[in-house]
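Letters A, B, C and D name the chains as they come in the text, with residue numbers starting at 1 for each one.
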Amino acid sequence: MSFQNPVFIPGPTNIPENLRKACDMPTIDHRSSLFGQILHPAREGVRRIIKSTDAEIFIFPATGTGGWETALTNCLSAGDTVLAARNGMFSHRWIDMCERHGLDMRIVDVPWGAGIPADQYQDILTADKDHAIKAVLATHNETATGVKSDIAAIRRALDTAGHPALLFVDGVSSIGSMDFRFDEWGVDAAVTGSQKGFMLPAGLAILGLSQKAIAATHDATLPRTFFDIRDMAAGYAKGAYPYTPAVGLMNGLNTACNMLLTEGLDNVFARHTRIATGVRAAADAWGLGLCAASPDLYSDTVTAICTPAGFNATDIVTHAADTYGVAFGVGLGDVAGKVFRIGHLGSLTDVMMLSGIATAEMCMADLGLDIRLGSGVAAAQEYYRAHPANTQRDAA
Amino acid sequence: MSFQNPVFIPGPTNIPENLRKACDMPTIDHRSSLFGQILHPAREGVRRIIKSTDAEIFIFPATGTGGWETALTNCLSAGDTVLAARNGMFSHRWIDMCERHGLDMRIVDVPWGAGIPADQYQDILTADKDHAIKAVLATHNETATGVKSDIAAIRRALDTAGHPALLFVDGVSSIGSMDFRFDEWGVDAAVTGSQKGFMLPAGLAILGLSQKAIAATHDATLPRTFFDIRDMAAGYAKGAYPYTPAVGLMNGLNTACNMLLTEGLDNVFARHTRIATGVRAAADAWGLGLCAASPDLYSDTVTAICTPAGFNATDIVTHAADTYGVAFGVGLGDVAGKVFRIGHLGSLTDVMMLSGIATAEMCMADLGLDIRLGSGVAAAQEYYRAHPANTQRDAA
Amino acid sequence: MSFQNPVFIPGPTNIPENLRKACDMPTIDHRSSLFGQILHPAREGVRRIIKSTDAEIFIFPATGTGGWETALTNCLSAGDTVLAARNGMFSHRWIDMCERHGLDMRIVDVPWGAGIPADQYQDILTADKDHAIKAVLATHNETATGVKSDIAAIRRALDTAGHPALLFVDGVSSIGSMDFRFDEWGVDAAVTGSQKGFMLPAGLAILGLSQKAIAATHDATLPRTFFDIRDMAAGYAKGAYPYTPAVGLMNGLNTACNMLLTEGLDNVFARHTRIATGVRAAADAWGLGLCAASPDLYSDTVTAICTPAGFNATDIVTHAADTYGVAFGVGLGDVAGKVFRIGHLGSLTDVMMLSGIATAEMCMADLGLDIRLGSGVAAAQEYYRAHPANTQRDAA
Amino acid sequence: MSFQNPVFIPGPTNIPENLRKACDMPTIDHRSSLFGQILHPAREGVRRIIKSTDAEIFIFPATGTGGWETALTNCLSAGDTVLAARNGMFSHRWIDMCERHGLDMRIVDVPWGAGIPADQYQDILTADKDHAIKAVLATHNETATGVKSDIAAIRRALDTAGHPALLFVDGVSSIGSMDFRFDEWGVDAAVTGSQKGFMLPAGLAILGLSQKAIAATHDATLPRTFFDIRDMAAGYAKGAYPYTPAVGLMNGLNTACNMLLTEGLDNVFARHTRIATGVRAAADAWGLGLCAASPDLYSDTVTAICTPAGFNATDIVTHAADTYGVAFGVGLGDVAGKVFRIGHLGSLTDVMMLSGIATAEMCMADLGLDIRLGSGVAAAQEYYRAHPANTQRDAA
């Protein structure tokens, strides 16, 4: 493994040097007070990053998938009705998890590339006079399609319908990279992992739960132990943990939060938008469309690019890995073979991104697509030059 | 955090230099073939360490607690009867998890410090003519009391009773440090974590499942997704993973297995016995008894030492941390305040251990116990001198 | 410091992950046998890389400049005559060092951008009937101008003249990256550092000395202690060192040699030629000439690119650092402001190089040069596509 | 290499975790402004640690031996007279270096184990009416014998004699661990390395020069280039370096200075005295004397312990390495075989030290010396308990 080229997958991201070092920690006694000095600042950092004043933050040694399960099993009971939209592989998987836990799903299927249809949600919620629906799921950023959905609109749908369902948001590929407003949007459960906006290795499921969600845990009967927030909360109150914590990763999380907050969240989000816009300019220069159906849906963390009909987009990803040692993302599920994905979240500069664009260009040319070498690079260069980074500030 | 002194907690252990480096890995694409080159050798290494030829090995980004949950939820259904002995905090917690998952527990309570009573198991199993009991739990090494139980005897109890129940063994603080014979003992699920015998940071739940256990998963109805071995197995077959794996830790696990197997398992176990015997010699020199009721129960990974009546053993642990910067383990549950624990598993030399013994000695003297300085050290020195390590070979 | 972008300076290079880890070593006792297990393999590795069978290899905790001083002070006496060509800043500095040590310099000045004129050397040597010239200096690769000189031709000049002078070669920016034939070229002292072809941090001066050079040390009277090879040789004979060695760096050197030899020297050199050719293709696409006067002089480790008259080439370097966080090399001495330099030695891929080319392109456009964005990138892409790397093999 | 046990050699020391990480730095452009942000704070930190307000600090990629050479070659000319005392291997080697550089030595030989005789210095200086003596050498802490000399007394000798000679002090094994008062003692050159009190890997020579010493450089004619402070000073003025600096180590030095100054120098020195006193208590309990002739000479960084006549003290060191994997220091030169040395400088706790004492004890018993196991440990424990460390403060 040569580790020379950056990765351009939509997470795990390239890990900044100081986060590598923060995670690479010798063993401490996790029952000593040192642990609390890592745990609580890390939780506070996450809370600030999701823009909440009173969300309870939980950190599990797991992944975002475990975070989904934590939200479901702590707040719901078998047979509960849950509303969810399916617009990509990750929303699909969360729905699948619900079904496997015996939840009664109301699924809104939309084309992969579309956002979550808040209006349909509103209609369904309005019609649900008896409030059978206990939770509404929303994938903030569909990593499979590069589609960002409007969570504020979903909150409005709930409010307009006067519906008390909990709002669970998958922020795995948005939190820490794109604006996330837990309190303002009335989110009840926000789920993410360590390996995306926090730029760490995978290994932590990170959740914010509203007080309303926490209240719901009292009646929730889905079985849980590893993911039980009651044990977590009891541990946290003593600066402790219900089992052995992943201390190094949590130290990394604390450091990552400090990095992001020091840079300033607005700067972090602007940095992501800037890098992403360059990628989209490149795609445009190549004459290729995006999977995301319209500009308001464009994700700033991952771009899924459509290749011409009859061409297997996965070949680009395979060829990039085999020939140039560069990792992109394949299309998944409904868009398998139709798109390839460029991840551009976390620790990334315009200069690094240009090497990814240049690589994609070479791959497409190698595979016979009608792509002029340097064209996407030039489009991105033009954008990056016109919108220079603040190199003094952009820490990550 | 000064990180100067070794830790003497019963896991996480001191992490060897090369495992620190193996875990501290830049991001790779976990959907590339590189990942399979880490995953499969790590699984094979674990299989060899638990001495199995056909166990399926599963590695989750979780902890031993998640491993327990994996075994239960994949093989059992709500209402199933489970037999378990409670002889310490960790067996207690596993039982608690069972109850929270709606299992019907048959609990054999014995004094903390005793081993699992195979004879009582046999009586109960023999009496269970209808085979209502679906699984038998056994904690191989009770980390809370420093008690090693005889798993072979439990297998004999099952066989004598002609009982088909699955045998689930918690090997968290034994596997990789003490002999564990998956096939010979007819174990159906062996559970451990990364932070004990494998000498890594916490963050992996590691399981071996027998083919019989895997067959049981088809009928098991406890809800599960994150811990579902079916998704894992489907991923493994393609060198992949059902969600984002903790690649660095898995690379560390692969490296750790190589270290242990290169050293030779018999040498690894003898090394643990050697270090442990020195600790026990020190306790004897201090005139203090062990929590473990008899020598056949003595654990080679952790020693729980009883302090005189009226003395709060936890003070030793607090004082060691505050005054000498050294971490020992407190007594938990029934033995809280009655014992303190010295962990001696994983990467540890006689020389390191002597500093732990010397520290315990200072603490006890500081706190007014009638301990002659140097006495425990001398007893351990005597043993270590008479049984020298193979410094060329002892790699960890 | 964000450490995100690769550096494109002509050394120190980007450090491969495994060399970072090899250098980051805990303290060992450098008087123990462990040290010899690092020292001797490292020396043997260097010997093989410079293609010698009997050169004595010396490794000092210093830099290439210290290596120059080692060659001079161990083999020469004050007042000795030394022949040297000056064709760039680094040959200039070595000459300056000679003068400061009281050597009598015969200097051949040529334009910066030219190679060493072997024919002039031959004339001078032939005319030196009394063999007053004790040493001939040659800078194999002038890092300041990106000019590679023909050492074999200089050896022929010496041989044709029948002159016994020692041949001292500065291989700082060539050894480990470009072909260096110590024995075949009759080199008497080869000098390099750790931070170029060996891809390590700066901190080691590395020399190969012929037996003839070592014989010369007996009569050499220039004062020396730190750089005295007699103390070194006496230490080496016992697996030891005359003072405290930089053990971690030496462990890194040993590892680096293994990497290079495992990859195969011909592959290493071809890899450098490949990356360099892409850079030269970019310069050509930009319509810019090289400082190196003719293709036979083109260096495979660094390219000095001439900018139009009236333009301050240093602005590119400053702008790249300030605006894009990318490091290139400025012109030095005679070519200050006239060239900027792109380093392309050591651990570098085509993909990384494209980001450097793209950055240079943006800088030049930003600064008003008539450069079409994407043009240099496209030229390099074309070359790299037509000459793909062996990604399985190219380890560094 | 297992790296488990601490080392107990008198440098290089055990490296603190955060210094490991500070040194393990990716490549930066050493010609960029980033370098100055490391260089100047590191120099300022060293200046504060040697307690000077206007010493010029120089940092070379070399070792303490290179530091000695820097002091000599920059301030002296061939044939200059130099006064020096020889009371151990390191003072011996500095004298040898002087002789090899053509200096005219006036040597005061005293028994190894004695301090520098300030009175003899005074007599010689007083007698030197013509001020032929240009420099006086003093080894502050003789690492070979564990003897600390009184530099203030030597300054008084110079002053009493009214002698203008420069005062050069070898502070290699004292600076950063024991009190060093550059200004108060009128030191003209203080020499140390990175691997002792600064707790870093070897690879930096660190010097403080008085303005008087710098003035002397104008007339000094010993040849020098690599170690020429004029090139260094010219570079420093621009935040640069005359050749490629060892950036990572310098970053480590900067971090180390911050650690020491944050802890507080008085605390650092007291910490060393505390650890050393425990070692001396152990030696006393063993019935063994020290090489240092009297308590006022006892070094707080290394203790040389005399073994009984007829016993080869080096066997202890060999046996400790072979049997217990622990590194002590052998006796050198005149005291070879007569003493073994325990290094106790830099990053070390009482708990770590006890393991070293316990190991020495085992070795001596193994080799047939009449040592009661636990006796030295108990004596050190007694001292450490009575003089507890400030675990909150003692950072290193």
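Quick notes
Just so it is clear, a residue touches a chain if its C-beta (ideal position, glycine included) is under 8 Å from a C-beta of that chain, and two chains touch if they have at least 3 such contacts.
What you see is a predicted model; the values in this text were computed from it and never measured.
Just to note, of B-C and B-D, the chains joined by more C-beta pairs in contact are B-D. Taking the CA centroid of chain A as reference, the farthest chain centroid is that of D. Measuring from the averaged C-alpha position of chain C to that of chain D gives a distance of 35 Å. With centres taken as mean Cα positions, chain C sits 53 Å from chain B. Here the spacing of chain B and chain D, counted between their Cα centres, is 46 Å.
Contact with two or more other chains is made by residues 1, 3, 14, 17, 24, 26 of chain C. Residues 1, 3, 7, 9, 11-15, 20, 23-32, 34, 61-66, 68-69, 73, 78, 96-97, 100-102, 193, 195, 201-203, 222-228, 242-249, 321, 327, 329-330 of chain C touch chain D in their complex. Within the complex, the chain C residues that touch chain B are 17, 21, 24, 26.
By the touch criterion given at the top, residues 1-5, 14, 16-17, 322-326, 347-352, 354-356, 358-359, 361-362, 365-366, 372-375, 377-378, 381-382, 384-385, 388-389, 391, 394-396 of chain A touch chain C in their complex.
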